[in-house]
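Both complexes shown next keep chain A, but they swap its partner, so chain B is in the first and chain C is in the second.
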Partner chain A sequence: MNSLWVLLFWLAVVVVGYWIYARYVGKSVFEVNKDRATPAKMYMDGVDFMPANKNVLYGFQLNSIAGAAPIVGPIVALQWGWVPALLWLGLGVFFIGWLHDFSSAMISVRNDGETFGAISYKLISSRARKILLVFIYFYLLLIAAAFGHVVTSGVSGDATLPLPMLVVIGVAFLVGQMIYKARVNIIATTIIAIALIFFSIWLGTVWSFTFSYTTILVCVLIFGYFSSILPVWRFIQPYNYASVYVVYFGIIAGVLGIIIGHKPMTLPAFTSWSIGMGPLWPILFVTIACGAVSGWHSLVSSTATSRQLENELDVKPVTAGAMFAEFTIAIIAVIVCATAFADKAAYVAKVSNPAGIFVSGLGGAITSLGLSMGYAQALAGCMIIILALTVINLVFRFMKVATAELLGDAIAIAKNPHVATIVALILTFILVKTGSWLYVWVLFGGANQLMASLALLLVTLFLVKQSKNYKIAIYPMFFMYITTVCALFYTAFFKLIPGAFSGQLSGAKIFGNLLSAAFAILLVICALILAYDGWKAFRRYRTGEAVAPPAGAERATA
Partner chain B sequence: MISSFFKAVKDYLTGIFLYDLMSVAYAEKRSIDDLFTFGLFGTLIGFPHLFNYYHLRLMPYYVPRIHPWKRKVLREKDFFDQIRH
Partner chain C sequence: MADQKDEKKEKNILGGIVGFFRDFTYGMATHGMARHALKTRSSMEHLFILITMGDMLGIPILPPYYSLRLLPHVVPQITTWKRRMLREKDFVESMY
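Showing the complex of A and B:
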């Protein structure tokens, strides 16, 4: 089938989803009202709460949610064939994905811009916030391990990438220094940064060198350490700013390449109901998270975006609009990879290095624009590594804060940023070195989707409490919850634990399998506790029983 | 029509490329504001930074900002707040 028709069909799905279903939910269920004051206007403090134009916020939201996951997940899921991958992406985003992002922002807007921690404290139970934090810590650990491998395998497996990646990191420090210290004009700074990065990508193709997997992994963790410890303006923000140009150049070039090249889909449309990773249901549904539905989006929508919306009418274009844009990125990833390989065997040989698959796919698409294959592939490689590093440079920072909040009262040293970061780095190193990446990716996807179902649980409780049509949230919530719990159980009890005792693995891999299985079981236990408390809260709200907020809940709204 | 389209594109690009950088500047401004507030009201907690004359001259300009500042300082912050920065 011609790839251009595939792209156009799914763009039509986006149009229907956004203009019909999203409009119905906004008007009939949440009853959005442009005259109702938003937290940004009520509590404006110039930083966290500050009204912003919807187009600015749309760009911010898309930048915050679209990392490497909408590319890597669909690439791995192509093992089932491109039709199942596209179907889950399309149906997932249409019935669940956008709704999840939109409603997460809406419940925060209607609760004075409170975060999920405070909302779960109020709507579910006093222990819900703590359980949610434990869940999120291990969710972050799986993110670090999953993307740590993407970067490490990508850079160690491609001799053209180490040099440009070193330059990108150096440019990030330079940009931070130029903008915030030397006060150099932003346009001049940008031109210098872009010129250096694109030149280094070319230089990497003529002056290439390789490093071992372990060396690159250690470098990635050192990168994570500095991201966590240094002030945001010193490294994270300049890195994101300088590198985003490569990403958007790659996306635009990829879209143009698909349109101009319109190559046929060469990978099989459907392979099997069950592959080495597991059966299509539930494993495919957690392998593809971002692009269909992702719990991370609920955290961004409820914490950052909800506090900056000028009015409630902006919630749909900002959150649902960004989700559909991310879906489009995932569709592009599927198309470029499904058109890049002559047969399934060539694709399967590279599946443990998703960056390598993406390099072949996007590189091939970009050559339709006239760039040489070597430069196009180096550009695609930089794009995927930059996206994965964008995740890495935030995740250890969050883990540091989560450690302090979880253990800080009991263990004073947990509040030390260096100690908390180093503990997170060591855990990540162990998981990356000993774990099997495909299963770590499934666990990350499972945790991500489970986070989404917990967000939908909060949305359901909010709608029940408000006597609104909660069915639009509860059915997606049930589907995501059952699917992800089954996926985590399946991976732990049918893959990781039997694999550890099969006698075919070395000592380190046995430990990695058991560690991964332990994380999966821990995530499920946290989710079960939250679901139990959520069910009790649901019954209270359904029967209309007067519910007193937990002791101290008023602090959250002070 | 065309000018509003270009404005929308400009805003969108600002959101993608510059909004995070701007938020760092806003956070910096907030910390300077906090320092100013401390200078203005330090007397109340035993740190007399300003002469009373200047303190009283500045007060009418600052009074409208006291309530939002109090709310900002007293608002409970948790792990989730870190996602913004």
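Showing the complex of A and C:
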């Protein structure tokens, strides 16, 4: 099948989902009202609560939600064939994904801009907040391990990438220095940064280096350490700023490449109901998280975005719009990879290095624009590594704060930023070196999807409490919850633990398998406790029982 | 007349598209930086108010005479300062 038709078909799905289904839910279920004051206006403090233009917020939301996951997930899932991958992406985003992002923002907007921790405390139970924090810590650890491997395997497997990535990191420091210290004009800074990055990508194609996997992994962890320790303005923000333009260019070039090249989909449309990683259900549904539905988005929607919305009408374009844009990125990833490979066995052999697959896929598509294959592939490689590093440069920072929050009261040293970061780095190193990446990816997807189902649980409780049509949230919630719990359970008890005792693995890998299985079981236990408390809360609200908010849950008002 | 109207409409559409991409790019690239700068300023402000108006919280860092002299400059900030200080904060907030 021609890839252009595939792209156009799924763009039509976006149009129907956004303009018909999303409008219906907004109007009929949430009764969106542009005259209702939003938290940004009610509690304007000039910092966290401040109204922002919807187009600005759309860009902010998209930048916050879209990392490398909508590219890597579909690449791994193509092992089942491109039809199952596209179907889950399309149906997932249409019935669950946008709804999840939209409703997460809506319940926060209707709860005075409170975060999920505070809302779960009020709507579910007092222990829900603590469990959510534990859950998020291990979720972050899995993110660090999953993306740590993506960067490491990508850079160590492609000799053209080390030099441009080193330059990108140097450019980030330079941009920070120029903007904040030397006060150079931001346009001049941007032009210099973009020119240096694109030149270094070319330089990488003529001046290449090869490093071992462990060397690159250590470099990635050092990168994570500095991201966590340095002030945000010094490194993280300039890095994200400079990288936006490369990613921008990559996406536009990818779309144009598909339109101009319109190559046929050469990978098999469907391979098998069950592959090495496991059966299509439930494993495919957690392998692709971002692009279809992702719990991470609920954290963004309910924290930063909900406090900046000017009016309720903006919730749909900002949250649902960004989700559909992320879905489009995932569709581009599927198309460029499914048109670049014909041999399924060769594809499966390469799948543990998703950056390598993306380099061949997007690189091939970009050559339709007239760029040389070498430069196009280096550009594609830089794009995915930069995206994955944007995740790495945030995740250790978050883990540092989570450690202080979780253990700070009991163990004073947990509040030390260096100690908390180093502990997170060591855990990540152990998981990357000893774990099997494909299973770590499944666990990361499972944690992500569980987060999504917990967000939908909160939405359901909110709608029940408000006597609104909660069925639009409860069915997706059940689907996501059952699927992800089964996926985590299956991976732990049918893959990781039997693998550890099969006698075919080395000592380190046995440890990695058992450690991964322990994380999976821990996540399932957290999810079961939250579901139990959620069920009790659901029954309370359903029967209309008057519920006193937990002690201390009242908002402090000025 | 009709031509002029059409031209104006076309210009508005073009302006709208350019405006969208300008705002969108700002949101993607710079909005987070602007927010962080505001957060940094607000924490400096908290510190400043704590030092100058510590009396209000029972922490007399500065002699009351100087606090009273500075009070008129701080008055416009007090409402939002109280709001920020008293608001329940969550771990997730440190992320974005």
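In the analysis below, the second predicted complex is superposed on the first by the 554 of 558 C-alpha atoms of A that agree within 3 Å, B and C clash if a C-alpha of one lies under 4 Å from a C-alpha of the other, contacts with A are read in each partner's own complex, and residues count from 1 in each chain.
In this text, a residue touches a chain if its C-beta (ideal position, glycine included) is under 8 Å from a C-beta of that chain, and two chains touch if they have at least 3 such contacts.
As the structure is a computational prediction, the values presented were derived from the model and not from experiment.
In the three-chain model built by superposing on chain A, chain B clashes with chain C. By the touch criterion defined above, A:A342 lies against neither chain B nor chain C after alignment on the C-alpha atoms of chain A.
Using the contact criterion defined above for the overlaid structures, shared-chain residue A:I187 touches neither chain B nor chain C, since it reaches no partner. Look at A:A12: by the touch rule set out above, it reaches neither chain B nor chain C. The intersection of chain A residues touching chain B with those touching chain C, taken from the two complexes, comprises 43-48, 50, 52-53, 55-63, 115-118, 129, 133, 136, 186, 232-233, 237, 240-241, 244-245, 248, 299-300, 302-304, 398, 401-402, 405, 555-556, 558. Residues 43-48, 50, 52-53, 55-63, 115-118, 129, 133, 136, 179-180, 186, 232-233, 237, 240-241, 244-245, 248, 299-300, 302-304, 307, 397-398, 401-402, 405, 555-556, 558 of chain A are the ones that touch chain B when the two sit in their complex.
Interface of chain A with chain C (complex): residues 43-48, 50, 52-53, 55-64, 114-118, 129, 133, 136, 186, 232-233, 237, 240-241, 244-245, 248, 299-300, 302-304, 394, 398, 401-402, 405, 555-558. The residues of chain B lying in touch with chain A in their complex are 7-9, 11-21, 23-24, 26-30, 33, 68-69, 71-72, 74-76, 78-85. Residue ranges of chain C in contact with chain A, taken from their complex: 19-20, 23-33, 35-42, 79-80, 82-84, 86-88, 90-96.
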